[in-house]
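Below: a set of structures, written as structure tokens.
You will see chain A twice below: alongside chain B first, and alongside chain C after that.
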Partner chain A sequence: MDKPVNNKAWFFVLPVFFLVAISAIIPLMTVVNYSVQDTFGNNQFFWAGTEWFKEILHSERFHSALVRNLIFSFIILLIEIPLGIVVALSMPRKGFWVPVCLILMALPLLIPWNVVGTIWQIFGRADIGLLGNTLVGLGVNYNYATNWFDAWATIILMDVWHWTSLVVLLCYAGLVSIPEAYYQAARIDGASKWKVFRYIQLPKLHRVLLIAVLLRFMDSFMIYTEPFVLTGGGPGNSTTFLSIDLVKTAIGQFDLGPAAAMSIIYFLIILLLSWVFFTVMTHYGADNNKTESGHDS
Partner chain B sequence: MNLSWMAWTTPTAIFFITILSLLILMTIWELLSPGGGVRYGVLRFETTRGDRLFLSLLGSAFIHLAWLGFSDLNLWWAMGVSVCYALLVFRFV
Partner chain C sequence: MAQISLNNLAHSYYPNPKEQSDFALKQIDYDWQDGGAYALLGPSGCGKTTLLNLISGLLSPSTGEILFDKTDVTGLSTEQRNIAQVFQFPVIYDTMTVEQNLAFPLANRGVQKSEIDKRVSDMLMTLGLQEKAKRRARGLSADEKQKISLGRGLVRYDVNAILFDEPLTVIDPHMKWQLRTKLKELHKQFGNTMIYVTHDQTEALTFADKVVVMYDGEVVQIGTPEELFEQPAHTFVGYFIGSPGMNILPVDVSGNLARLGDHQIHLNKSYSNLDGKIELGVRPEFVRIVDKAQNLTSAIPLSIVAVEDIGRSKIVRGEINGVSINALVAEDANIPLEAFVEFDVDRICIYNDAHLVEGSF
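What follows is the complex of A and B.
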């Protein structure tokens, strides 16, 4: 039976609506206004039309930052997802070590992003950092401030250290929720460890993995603080990701018009990805529930 | 209230008033025909009128960006393509 609809509940949403209006909608409207104008400060604006959008869409700098960001997100997913699954599979399910492992896994997630950047900045220094000094001592010509490959390797390593735990915790939650009956059935059939993983654990992890992939993709696509603190976008522009480029344009160069146009394009890309995220999550979940209830009946 | 810091212009005001009007029209549509017009379209999942409006607006934004990026023709053509796209979305999605 359908529940009666009570539209008075909408009044409870009003405070949130006003909060979002002040913190998100009004600033976004201002950015749209800025994107079609030019300013030299002093609250004076000159009409520019779609000039900034054309400039950004044809800008080599924007294309490079976008490609860099996509490559970065791809590498992050390629490393963090399989690694997260392996670590979650090797974690204990019962006993004293469970809380110890969970706390150890949660620790990197609790550290503020700028502190993570600072830790790795010092850790990677060739003169005083443990990582940098050890590598140089081993004869590796490592310097993240002058070599683009070293800078990328350090940022990727830092992100893997910081965020793999999230994938681990999500997968672990998925793994412990698998009923023991599945494993008993597999033991009776004499299934190998690989087959248990391939046909029981992986399908049951499908949903949490979807959340992990999409969360890590969106987070890595918006990364700012850690690479900004570690390399400042350098050497050259080799680690200048979209958000770093945006801040450089807006605050460094005070080009508010192009920065606003770039923000809108960046926002639209993220909005599209968020929509895909939301749609896949909700509709995959709905289909899954239907299938499961179908099996039950 | 002084809103000069928001740097309003007539075209951007028209843009936002259009979006607001669309939202008001959608509300009136919902009041006249409640339920959200839920159906399975070409995307093979359930969509409501709100979903279709969102897809139309998001798609139109990308059509305009693509127009600016790849063509020198007047932007009104992109507007025409966007309206056709929105009609197709409301008909088939």
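What follows is the complex of A and C.
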């Protein structure tokens, strides 16, 4: 390596550095600043050290919101990933119906999140909503505003409706990029449909599924707008996820210190879990033979 | 194993083909003998792969039928036809080991475990992949992957035919030789019908007993390597087979006399009733360079453009009346300044609209 080194190139990084500083680092540092101080108003702050972190980590309320959120994300991944794969597999590969299907799939993704919440809030209402009223008419005692199970079911159904399309579109892109020769070889080898899926399609979807799982995990773990509009965290605290809890603490109760500490813990949990997912999925099925790992096709 | 017959087979990728040019494969009738080693030779895009995919059932033909031992299989699926096919680019199952890849086509057909193990270990030996048997296939190099693809075709001994679609494209030259020899050996050992698609004439001529030459969706000649060399049925065959290819000269022929501009060439056969485009074909091997001093009546003056030394012989590139012509001469041959050419009369072929015409004595 005897390429000329010119450190002037670093100047080109400056604009990006400033942008990132203004949009991410400075706000984050403000949060860090709040998290280690206490205030009694009048813009007067006192050093609190790690007090708020200890409080949050030992808080029953935080624990239950965290568990709720983990269960929610787990259910979402469990439903949306397989469903997305199945829908992508059954979509046509060529012809008139391709654009039709793609547009239908993209529609839910284009609707603003609070509108999605409102749509489902009305859709699910037991008195006037199509879904709620039909269920009640069928004799089901359905009311998402009073029954925690109904609230959860509605939120999960809403999220599946809203976000499965993302998984579908990612998988569809992965499927159409598999060369025809693989399917031909499978026919020659007498592979069944299941084996084609298991040994050709699924391994080739590995990368897009990694992205789909990461995106769906992060988004569902940070979900705020839709449940806020639909249930506002209730009934009781049954749908109070971390983000809703955080907003209640910060803006409802104006406990800036604990809210800041909670933000940082929340952020670190997402970072940690995303890293775990990424590491597990990139190492899953990797070669034992490191020497030739460059030939990855 | 089976004899494969093609009856009026043609294929077009358009749903409603109208003209002859809509067909990727124009009509073909041919019987591939059981146990034969065939090569399908032709330039890219001439319909070789289409023909192969029709035989294996990956495509279904626009018209005509395919018979295996007199049984019509046109409507049968690839699986039911029991055909092995190896593709141009390696296709491997990423998540399986080398061993599992080779066992896959057998396991899918419900072959017994002990039989699978035996065949797979034989095949690993044949391909020289024993040491990598337990490794994941996706970490291997391109030619190792292609060996696995070949192996998956060859582990099934009982197939009706094995089709190869330019299987050695991605293989290193020294490995190509080795694998081709291996294929010949396997052919002798198991006697499978093998059809080998290639655009490389050396590969075709060394592999096959019979070579099928295709050009623009049509089979232009089927013959042994000797026949293709000595009696090309189509100017394309003459040009495509041999290095350099056959010299093709526009001429007028009447009786046993061919006229090339002002020059006359005596033929040993006579031709009558020729109309259309008449050409004379002669291979560079049968063109002699002579000195003016020999003063032969049949000699034609040649303006030499270049002389290329290709090792054991030389190619003399020249022109007669602006038409380029090549001659293959011995390495130590003397090239006179004022050169003339003479054709070996017995080796001259006459073409009418690109197709060979037989003369009469």
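Please note the rule applied: the second predicted complex is superposed on the first by the 263 of 297 C-alpha atoms of A that agree within 3 Å, B and C clash if a C-alpha of one lies under 4 Å from a C-alpha of the other, contacts with A are read in each partner's own complex, and residues count from 1 in each chain.
Throughout what follows, a residue touches a chain if its C-beta (ideal position, glycine included) is under 8 Å from a C-beta of that chain, and two chains touch if they have at least 3 such contacts.
Remember, it's a predicted structure, so these values are computed and weren't measured experimentally.
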Which of chain B and chain C A:182 touches, first, second, both or neither: second
Which partner chains sit in contact with A:203 here, chain B, chain C, both or neither? Use first/second/both/neither. second
In the superposed arrangement, does A:53 touch chain B (first), chain C (second), both or neither? first
Touching A:195 in the superposition: chain B (first), chain C (second), both, neither? second
Does chain B (first) or chain C (second) touch A:32, or do both, or does neither? first
Touch test for A:127: chain B only (first), chain C only (second), both, or neither? neither
If you look only at chain A, which of its residues touch chain B in the complex? 26, 29-30, 32-34, 36-37, 39, 43, 45, 47, 50, 53-54, 57-58, 265, 268, 271-272, 275, 279, 283, 286
As the complex stands, chain A meets chain C at residues 179, 181-182, 184-185, 187-192, 195, 199-200, 203-204, 285, 287-289, 292-293, 295-297
In their complex, what parts of chain B are in touch with chain A? 4-9, 11-12, 15-16, 45-46, 54, 58, 61-62, 65, 68-69, 75
Under the definition above, what is the set of chain C residues touching chain A in their complex? 53, 56-58, 77-79, 83-85, 87-89, 91, 93-96, 104-105, 108-109, 135-136, 138-142, 149, 152-153
